[in-house]
Amino acid sequence: MANNWAPKTKVDWFLTVLRVLALGVVTVGLLAFIAQQISVDNPFARLINPDATGLTVAQFRGLVISGLSQGAMYGLIALGYSMVYGVLGFINFAHGEVFMVGAMTGMITSNKLDDAGLWESNFIGSLLFIVVVSMLVCTLTAVIMERVAYRPLRKAPRLIPLITSIGISFFIQNTSVVLLGPTSKAYPDMPDWLTAKRTFLEIEGTKILVICVAALAMLGLWLLVERTKTGKAMRAVAEDQEIAGLMGVNVNRTIVKVFAVGGAMAGVAGILWGVLFRSVIHYTGFLPGIKAFSSAVVGGIGNLGGSMAGGLFIGLAESTGPLLILEPLGVSGVSQLRDAVAFAMLIGVLLLKPSGLFGERLSAEDRA
Amino acid sequence: MNGNPLLDIRGLTVEFGGLRALDGVDIQVHEGQIVSVIGPNGAGKTTLFNAITASVEATGEILFEGRTLLGLDANQVTSRGVARTFQNVRLFANMTVLENVMVSQHCRTKQGTFGALFYTKAFRREEAEIRARAEEILGFFGTRLIGFRLDQPAAVLSYANRRRLEIARAMATQPKLLLLDEPVAGMNPVESAELTGLIGRLREEWGFTIVVIEHDMEVVREVSDRVIVLDHGTMIADGDYHEVSSDPRVIEAYLGQGATTK
Amino acid sequence: MFGTRKTSRFRIAFKTAVVLACLALVLSACGDDEDSAAPEAGTETTAPATTVAPEEMGEEVLVMEHLGDGSLGTVEVEPGEAVQIRSLNAITGDVAFFGLPIERSVVLAIADYGQVHGFDVDMGTGLDDLCSNDGGQAAAQIIVADEDVVGVIGTSCSGAATAAAPLITDAGMVLISGGNTSPALTSDLAGTPGPNYSYGYYRTAHNDLFQGRVMAEFVFNELGITTAAAIHDGDPYTQGLAKAFTDAFAALGGDVTGFSAVNKEDTDMVPVLTEIAAGSPGALFFPIFQPAGDFIAEQAPGVSGLEGTVLLAADGLLNTSYLALSQTEGMYFSGPDTRFGQNVNASTGKSAQDFLAAYESEYGEGPAAPFWAHGYDATTMLLDAITAASYVSEDGSLMVDRQGVRQYLDNVRNYQGLIGVIGCDDFGDCGSGKITVVHHASSDDPEASMGNVVYSGGGN
């Protein structure tokens, strides 16, 4: 890898300068942050940002937990992008909308449960119920999407299903506006015992819940993909559709399963969104979708563990980046730059490791 | 040679945009035979395999055990009992040796996603069976593909081992008919001789009927009951090795190309 | 296969897309500033030359003759045609609660007003400002393409007016807003025009300098809190109001511990709240909109350092749907004084009660936000101006002098509207500037909280 970095052409020189700059900004920012944490009057901290105040431990922990819980959600959505890309080689941009459908389904179901009085009296049962319903609805949405929009285009150039997916994305958003209206809709209140700060490190229960549910979903998916024949069939189809077919794998059915599993994960993520933010609107899927897609790319698209790691990375970066790196550098209005930080991290990772953090580096022969 | 042929190909034609890669080929293969298909480059040998395994569109008729294979999907052809290897090895490079052989038993198993999700007893038993069969098949190739190699990705294997694994993977689909596309290509003489011996054992010990495309005439003479010669998409000879090697059309086809029959 | 090649090509395409997207973000952020920096040089100088002193403008003169010198052109309305005005408000999305009542108030005001010199008035189809710069620009382009339009009631959102006002006023039309409150659109109330001021722009809504000042007085004097921070969302309205608040708070002797911004689409507010928490403010003012406002109220108590901070918001969030959220309980909201009482609109003779009754019977619900009265008064002012600046020619057409419309509006003083006494200053601020602060007691009864006034102030 190192020899790839040795500058050969002007473009290589340019990229090398960019890499050094990116690393430099991050390093100086972090050093300044550490300096101001040690002492706000530290000359190094004062030099770069005279108004630096630093963070308390509790505030720092709050940022990290918030980034992790959001990142876990990105990771779950990213799995769907990654799996479809791995198997079909195109980006299903409508996947973010499947996530939105999950969040909407959870909103409708949880409010119904709340009306029936079950939400408060049996919160865990209700939560399980809305997760299952949301997974079912999202699975169905994803499967129908594959059958109606993508299967007829299986043999078309990759750009065509990509554009189609953008169209589907708008279709689902607008359908949501027609059916549910254009305003944001709220989940019922979470029970007090959940929202109260737990004694354990004073972390909010909702965030612990989100991280645990995401970890469970990820574990289930990992077992499915690594340990079962369905998973092996998925990986076989991802590697070589034609050969997989010749080895007796039903390619169409396997692709449907890939969409179904991706949809189910988006369904879980939709509920986690509801638990975290309690508010959903028809464009809820857009930005998380783009971030999840970035997570998949950061982690190495096609690699499931990488997607999850990429999600956590992007979530942490956008949560802590503005205050850890930009604020000590004296940038103003840093919180508004969080999306910029998230995408800058994406570019930074791709500059340093073009295949993503966990991207498989296949030799030309293997790919041939 | 009695009874209906296992594979009965009649008037098989494959066109690529006006170019006829196969032009009205008739081939019969009976159960238990080992048939070699030879011919100069571009004669249509691999296209013949592709037509049988539904990788290309073909016209004419391909009957397997009396039922047509035309119009099926690749995985359906495999379920009927046809398996193949490839001229340029095409393994699932990122999956392990064991997984490569397990995944190709896919169409022989019954447990669905439901069983997998809930990890039922029947599912676990079947997984154990699949694994046992995979190890048995890999054991056929000696110690090269078992032991620590089972869990290595296919990509790290040596070239000869990759060729062996590809045959093992085809065997795992539990076929009646095995199509081998240049199984010894690129191997050294020692490896090549060993694999030639294995082809005979595949019939004796596993009961496969085998069609093999081969350039190496030593191998062809060694293994074949029958030899079929293709040239420019048509069959120009069909008989045992000695008949075919003395056929003037065959000699012309090879000499005309500058090749020799050794 | 082609795996490697495809992958790398995709990656390059993706990288390019991301770089472009980032550039676009940066450019759009800068774009706002550039727009606002561009002064409307030409139009301002035309104003003084034709200004008629108020005492010369007796009522008799107005009907006999007409106002205006024709310098901005004349709109000819042929017999049987209608005088064209337009409504440009936020009527879709999360802010529809705010713009829709204004559009409806235009419809009702036209109906109450009746004809102008025997000619009907037509609003056409209500246009949408989308509460954004782009939305305002797109709709304004549609409006100015129709040369028969005399004036426009709008926009709802200051961000939309930033783009729409220059286009509409350049076309010789007037733009009267019942909802904009950003100081940048008019002036700092001390004689300096705002960066986005265009001659021909007026508003009946208050200038947010009043609102910021009243909120600051309330926090500092009434609540006795001496440290405060503010968050805006980059929109000129929210930015202007947040700035007005912190400036006034500092002027009172308070300590401003933080001033930050979010994006309208943000959901995870922990980072921005952590940034604010670093200064441990006693009060946090976030005059933004839904849904971002939901998330701040929801997440603030969970951020270390903000547990006891008093949350404050403004009229953008003062609506029943926001107040129905449990996490908003205990918040304070500033907004225009909506205690309209027995005020009667001088042009139509209708009172606020008459209006609400008509609204209820026409639309089957009450208005969700208070700016309906401002929209109503804006419309009657415009129709009065058109009446004053027009005459019926010999062939029966109505001739409306565009310059005369502005001349009339420039000189509005002591006009009685639903919102109180209206008078326009040199930079288009006509509203009363009376501000109230309400306390939100219970999310079970949002209506009660909207009327739960705990402080009032401001006004001319």
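All chains are identified by letter, namely A, B and C, in their written order; residue positions are counted from 1 within each chain.
The rule we apply is simple: a residue touches a chain if its C-beta (ideal position, glycine included) is under 8 Å from a C-beta of that chain, and two chains touch if they have at least 3 such contacts.
Small disclaimer: the values here were computed from a predicted structure and weren't measured.
Chain contacts in this assembly form an open path, with each chain touching only its neighbours along a single line.
The chain with its C-alpha centre at the largest distance from the centre of subunit B is C.
Comparing each chain's Cα centroid with the centroid of every protein Cα atom identifies chain A as the most central.
Computed centre separation for the pair subunit B/subunit C is 76 angstrom, with centres defined by C-alpha atoms. Measuring from the averaged C-alpha position of subunit A to that of subunit B gives a distance of 43 Å. If each chain is reduced to the centroid of its CA atoms, subunit A and subunit C end up 37 Å from each other.
Annotation for subunit C: no residues touch two or more other chains.
For subunit B, no residue reaches two or more other chains under the stated contact definition. Of all residues in subunit A, those touching 2 or more other chains are 240, 362, 368, listed in ascending order.
Taken together, the subunit C residues at the contact with subunit A in this complex read 1, 3-4, 6, 8, 11, 14-15, 18-19, 21-22, 25-26, 92-94, 96-97, 234, 260-263, 265-268, 270-272, 274-275, 277-279, 290-291, 294-295, 298, 302-305, 321, 325-326. Residues 220, 224, 227-233, 235-236, 239-240, 242-252, 257, 360, 362-363, 366, 368 of subunit A are the ones that touch subunit B when the two sit in their complex. Contact residues of subunit A toward subunit C in the complex are 53-56, 58-59, 61-63, 66, 70, 89, 158, 182-184, 186, 189, 195, 197, 202, 204, 240, 276-279, 281, 283, 286-287, 294, 297, 318-320, 322-323, 327, 333-336, 338-340, 343-344, 346-347, 350, 354, 362, 364, 367-368. Subunit B contributes residues 53, 55, 73-75, 77-79, 83-84, 86, 88, 90, 92-95, 99, 102-109, 111-113, 116-117, 123, 127, 130, 155, 169-170, 173 to its touches with subunit A in the complex.
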